[in-house]
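These notes concern the structure reproduced below.
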């Protein structure tokens, strides 16, 4: 399946922290660059996510903000 | 200002594509890793964004999805 | 690619309304049930979306609100 | 109250799964078509949501993504 | 219609700036406190929004970030 | 840090309700005007948020909906 979200970044699952409805998933995009996702507990199960697995971080362009110092 | 959004990634502004209300901003996170943001035209101006400038890509963890092949 | 977004609804592309940065895509989920998406112009091109094509409407569960009369 | 979110789909509450801060609400849009929403526990209470009740799934058009096989 | 979005703030429409697909709507929440919304051009028409009209700014709690100096 | 999100509203932290992954933060924007945010538990800690502290409610303009009676 290809999706309209403009940002699909190759990543590795570094850590999974389960919660009651949602779980926190830390993805390593490249050496020293991490992205944190909060997805539902069911989604972690249905995608069979495990630490070390290959995955993608997917973000819509309207959900990316830009900041400057 | 520090913000609750969990993902604040150092980046460089690679390209800015203006539109009538929104503009598309392409940010380089690291060698070969780009993120596309859509922000308002006014935000591009108020942040004085120019191509080559230092910036951050900021994304809430609830806006990051995870995908697998 | 399988994605953590909990809502992946089979649909048919009914109408595409292009804009300067974004385009409006009207998807028919089933007889008389339509969903409107706003995605980038580039996404419409990269997905080769045409009216009448099969597609999916994909929505994260945290982006669905519930209302009552 | 009428709202700018472009997608207001008639639905029936099929299931409610409570969590510590958020709750998962499964809505039936039509025969065999379900949408999952994650809303706050307080919102479930203030809307008096119960399984079998009439409701609407409300989604902004910028939160709908399009995917193809 | 009552909605699960936790933030429904009484406001007055101060300014409307139309675009090709989206329009910018500036809402005054109280003396000197303004909120900017970007909604579709069609939504502005279907809600018959005019400058000076009473309205509400509606935001899901998961879309509100917190920042500190 | 300055951010592209168009809405940065001065506020005071009125109440913090912790959850397993997320926490609910109630912000007072001005006399009688409150905004509820749901952010991660870690974000509450990393921003050292305490009840009574000065803060900002930050919302992207694409995340603000408009409603009318």
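Assorted remarks:
Chains here go by letter, A, B, C, D, E and F, matching the order in which they are written, and residues are numbered from 1 within each.
Going forward, contacts are C-beta pairs under 8 Å (C-beta built on N, C-alpha and C of every residue); 3 or more make two chains touch, one makes a residue touch a chain.
In this text the structure is predicted, and so the values were computed from the model without any measurement.
In summary, the chains found to touch both chain D and chain E are C, F. Rounded to the nearest 5, the angle that brings the Cα atoms of chain A onto chain E is 180°. Both copies, chain B and chain F, contribute mostly matching positions to the interface they share, with over half of the numbers common to the two.
The centroid of the Cα atoms in chain C and the matching centroid in chain E are 23 Å apart. Centre-to-centre, using mean CA coordinates, chain E is 17 Å away from chain F. Note: centroid distance chain C to chain F, computed from Cα atoms, is 30 Å.
Within chain E, the positions touching two or more other chains are listed as 1-6, 8, 19-22, 24, 36-40, 43, 47, 56, 58, 60-63, 65-69.
Taken pair by pair, the chains that touch are A-B, A-C, A-D, A-F, B-C, B-E, B-F, C-D, C-E, D-E, D-F, E-F.
Taken in their complex, chain D has these residues touching chain F: 1-5, 19-22, 40, 60, 62.
Listed in rising order, the residues of chain B touching chain A in the complex are 3, 5-9, 13, 24-25, 27, 29-30, 33, 35-39, 43, 47-49, 53-69.
For chain B in complex with chain F, the touching residues are 1-6, 8, 37, 39-40, 42-44, 46-47, 56, 58, 61.
Interface of chain E with chain B (complex): residues 17, 19-24, 36, 38, 62-63, 65-69.
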